[in-house]
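Following are the structures in question.
Presented sequentially are two complexes of chain A, the first with chain B as partner and the second with chain C.
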Partner chain A sequence: MNKKTISFPHMGNYSIPVEYLLKHIVDANIMVAPKISNRTIELGTKYSPEFVCTPFKYTLGTFIEALDLKANILIQAGGGCRYGYYSELQNQILEDLGYEFTYINLVSKGHTDLRKLYHEFKKIDPKFSILKALYYLLITSKMIKYMDNVDDYIRQNIGFEREKGALQKENKKMLKTFQNTKGLFSLYRNYKKYFKKIKKIPIDKPLNPLKIGIIGELYTLMEPFANYDLELTLARYGIEVKRYTNAHYLLFEKKREVKKYLKYAKEYVKYRMGADAVDNIGRTKYLCTHEYDGIIHIKSSFCTPEIGAMPIINKICNKYDVPVLFFSFDANTSKVGIETRLEAFYDMIEMRRKK
Partner chain B sequence: MKDCYLGIDIGSISTKGVILDTENNIVCSSYLWTEGNPIGAVKNLLDVLKKDLPESYCIKGIGTTGSARKLIGLMVDANIVKNEITAHAIGTLSRYPDTHTILEIGGQDSKIILLENGIITDYSMNTLCAAGTGSFLSSQAKRLGIPIEEFGTLALKSKTPVKIAARCTVFAESDLIHKAQLGYEKKDIVAGLCKSIVLNYLNNVGKGKNIKGPIVFQGGVSKNRGVVKYFEEILNEKIIVDENSHLMGAIGIAILAHNHKKDKSYTLNIKDISFETKGIECNHCSNHCELLKIYKDEKLIDSWGSKCGKY
Partner chain C sequence: MNKIKIGIPRSILYYYYGELWTNFLKKINCEVIISPTTNREIMEKGNKIANDEMCLSMKNLLGHVFYLEDKCDYLLIPRIDNYGVDNQTCTNFLAMYDIIKNLFQTPVLNYNIDVVHKDTEEKGFIYIGIQLGCTKKQALEAYDQAKKQTEEQKQIQIKQNLQKLKSKKNKLLIVGHPYNLYDDLIGKPILDYLKKLDVELIYSDLFYHQMTSKLSKQLSCELYWKFNKENIGSIPVVENKVDGVVFLSVFPCGPDSLVNELVIRKIKLPCLNLIMDDLDSMAGFETRLESFVDVIQERKRKHEQKNNLIPTYGKL
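Coming up: the complex of A and B.
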């Protein structure tokens, strides 16, 4: 039998912590699949049901690319919407295509069955140890936290950097050191060192720049390929961008925050509506009442929880008179159309600001 | 020498050009078909404008808008390139300063713009679907053998418009054939089509929008009197259609060119300049970017579509 090779889907830069974690807890090759490209989405679309949400297509495409490069163990997570059924369907589709592989589903039927996962990892690596896994999980969670902190800072300032690309360049260097992290302390030291450097990069930011909050469905928010580099495009207009959803939020904060959001926006929403719908309604209220110039809501086509949230978001924005722009991205959205709408949105909020 | 400003609106179906003086009055204008060749269309357009422009005027700024704005902006060296939403709003406000709603139906897209005290407060644009746009009307006019110019007049003659399933162009077309084969009169079918355009527009881009008067209707389809009639009937408001409603985008972008003028004079002699584009697929990485290289006088001046910045 071939050597065991594990692969997993892409989302933003998070392949770095995932690779790091797997590398240290199981004895197997860890393959970071090729970066998402047009080929990925073409493959994914070809073998997906037509009306499935787009993240399904992206991750299926990535799996096929990984399997073609001889990966034989795939890892997928799940969530509180259709995402919870990705695993079963993708497993079936890939089997029907004739690939041979083991499919590890981190979240099945809405829960993470730790005992089952333990046995699955034990099968891959008989020496798999829980203690070691916990230790590296801790490091990985810190790593994600640090990455998200730096990302937040970059998002607020990238539109105003004096030398274009300087922030991203330093960020890339930091991520490179994260890949070879020795332990908690070395991770912390590198984070401090590079964050300091990043903060020193000259920024020409006006006192009161235009500010936009981006909300919506998580995958489309976090994978720049899936949202056609929305954040960078906004930055080029000189807009400060606020985004709440990141991996740390989803993994460690969401459980607590959802309750807060439900309370905060209780005049608009009473029950959880799946995935991040309630979160986004709460955030809309917050953004509307905290002097944001506009809100952009993005989702992949057919994302049901967000479709449910959109009329409520629209209502809140009407009430506070804050402009909102909705985007639905699919596998073949034209970039020109997005740019036209974004440019008009920018013109609009700028005109409103001047008045 | 008097200053003037040129606005060019290059849409999917038609290309519009307008020259304004410093008071925003139209000096001359032109309207012709794009026919899938924006570069050729603009060359012809400038030729026409050149003949019409009195010698005492000197062009001090050029603006481009519409779906080919970027390409043509590069070709004519425009001082401003802007999206059609802003251009339409500015153009309309120059004529009707207290407008509240702009309905716009063009060849390929339709949009609604809401204004309050002269600033855009909300807008929406159709996304994937061509139902409720001019190209649908013109293809159906061809199918029925009616010149598009007479379409609206014919629709006005009907008292009982046929109901046509308007959700989607494909369904609408099969429904239309079905109704024709059943023996309905042509004028009733045409009126039904006009009505379906209106319903589709209101259900699609107009959904959830607060449509208040004064309402200005523009874009090529606003010349269709049948569509105007059904808008008035359904919205129960007076619809203003300017005699230059088809030129509003071009007027708006000419005004913006005026506001962003640089110290530069333009001539309209680009007929002899060769301007070519070449589309290639880059195979250097897995992105497979579709690149468009633009040559002016056989010299590469720009390339678009590269994700990595190699070109």
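Coming up: the complex of A and C.
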């Protein structure tokens, strides 16, 4: 019998904690699928229905690439909007393509059925134990938190580093040590050590740099390939970037924060609007009132909750007179077009600053 | 004293609640203004107001609301989250109220259906009644009566729809949301054309919903959108009685894009997937509909021939 090989879709650097978690709790090969490339998106688009949102295409493409490399267990999450329904259709599409595999859906119908999951994992690895899983879940959650902390710092300063690429180089080194973490304490030690190093990297930051907040749909925000390295492009202009959404926020803080945002922006929204729409409206108000120079809203095409939020975001920005730029990324958006628009946007906010 | 004028846009939720609303509002002494059936002007206005990636039905709704804006005192736009566990709605239904409140000046009457958090339809209607100046008891009474009345009408419609299954003509099941099927610019031209081709149409929304929600599990066990469940649940009911299925959805409908794709992959009946856009040319659709009807006719003929031939083979 073939050895079991588990694979999962990519999102930014988060394949490292997921791989770490799976490696320790189940006895199977863990395969990190190839990095998202043009081939991935081509494959995904070819087999997807016409107007699904782009994350569907990215993840489907990743799955096909992984299956071609002999993976036979796929893991997908879900929830919020259409994302909750991805799994069943992707399962069917891949089956129709003739692959043989097991599909594990972590969140079905918006709830995690822990008993079912336990049985699924038990099937893969008869020695699967809950206690061990809980322990490694704890480490993984801490790892995600540390990664996000470091990312936040880098995002604020990457535009101003003296030696280009130094911050990311250290970050990569840190992630590499995270892969081989032995326990909670060693994780914490490595995090402290590298964060100190990262903070020591020389930075020429002016007193009051241009500041931009990036908001929008979660997958496009967190996967650099899906947003055409928007953050790095902004950094090249010497702009400080603020981004709220990260894995830690989505997993642990969202439930609490949404209520706060609803209260904060209550003159614009009364109810939850699905996925991250309300969060983004609240953030828009915050960014507008806290002297940010501009807002960039990005999403994948046809993301319904964000489309609903866009008119309201536009209204708030009009009221506070803050420029806002909307991007809608599809599988075949060209990078040049985006750069032109970004350049124009940058020129505009710079001119406003001088006035 | 002048009656309070309540505007109801003839779009999306009108096709689920229109009659209930009018019955209820008339009982508590309000004047109801319903926007006219969709025409080019309304559609174009909606297109202008809406975000360009919104779905066609949503654009349509905004057009209708614009028509009503200076003609009424209040707009009636509820917000619907879910009808219980695993019976959610599309996120547009969640956002509808907030979008309209922000885009238009007219005050919006609103109630919330969120059965998981115990906000039921009944509570919502009482809330509206109180806002319009009647007592809780009056509102409850009016709601009960209106509900009974509409329920009876609905039953008659469902019976009529199921009666059509006995017809000898070619029968097609039309799967789509009522706000698309019966809209004058979105679904109606298609349905009219099909009727012209002498086809009996069975609508997926006019079935007994309890039955269809359960049966939808045969096609998709993880589906959690209530309206989609009801739609696709009609397919197993009539599987052996109809000759083909037409899926009618608008561009870019979120739930339909995934669910229809999955169902088309699973069913064995001949099917046609129509996606409506705001282009006004029907020519392309006409060709497709004609050829589809030809296909099912040919299939039926062959099937009958085969059935007739079997006894003769038996004799030989």
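Following the convention adopted for this analysis, the second predicted complex is superposed on the first by the 355 of 355 C-alpha atoms of A that agree within 3 Å, B and C clash if a C-alpha of one lies under 4 Å from a C-alpha of the other, contacts with A are read in each partner's own complex, and residues count from 1 in each chain.
Keep this in mind: a contact is a pair of C-beta atoms (placed from the backbone, for glycine too) under 8 Å apart; a residue touches a chain by one contact, two chains touch by 3 or more.
Note that the structure is predicted; figures quoted are calculated from it, not measured.
Q: Once the two structures are overlaid on chain A, check if chain B and chain C clash or fit side by side.
A: fit
Q: In the overlay, answer first, second, both or neither for which of chain B and chain C A:Pro34 touches.
A: first
Q: Quick check for you: in the superposed arrangement, does A:Met351 touch first (chain B), second (chain C), both or neither?
A: First partner only, chain B.
Q: With the two structures laid over each other on chain A, which partner does A:Ser328 touch: chain B (first), chain C (second), both, or neither?
A: both
Q: In the superposed model, does chain B or chain C contact more residues of chain A?
A: C
Q: For A:Gly337 in the superposed arrangement: first (chain B), second (chain C), both or neither?
A: First partner only.
Q: Give me the angle at the C-alpha centre of chain A between the C-alpha centres of chain B and chain C, rounded to the nearest 10 degrees.
A: The vertex angle at chain A equals 80 degrees.
Q: Counting only touches as set out at the top, which of chain B and chain C does A:Tyr153 meet: first, second, both, neither?
A: A:Tyr153 sits against neither chain B nor chain C.
Q: Once superposed, minimum distance in angstrom between C-alpha atoms of chain B and those of chain C?
A: Checking C-alpha atoms only, chain B sits 5 Å from chain C at its nearest point.
Q: Take the contacts of chain A with chain B and those with chain C, and give the residues found in both.
A: The answer is residues 311, 328 of chain A.
Q: What residues on chain C touch chain A, complex-wise?
A: Against chain A, the touching part of chain C is residues 50-51, 53-55, 79, 81, 86, 88, 90-92, 94-95, 97-99, 101-103, 110, 112, 220-225, 251-255, 257-262, 265-266, 275.
Q: Spell out the part of chain A that touches chain C in their complex, as residue ranges.
A: 49-52, 56, 81-82, 84-89, 92-93, 96, 105, 108-110, 268-275, 277, 301-302, 304-305, 307-312, 315, 328
Q: Would you mind writing out the residues of chain B in touch with chain A in their complex?
A: 67, 82-86, 117, 119-123, 125, 127, 208, 285-288
Q: Taking the complex as given, what residues does chain A use to touch chain B?
A: Interface residues on chain A, with respect to chain B: 34-35, 37-39, 311, 314, 321, 323, 328, 336-337, 339-341, 343-344, 347-348, 351-352, 355.
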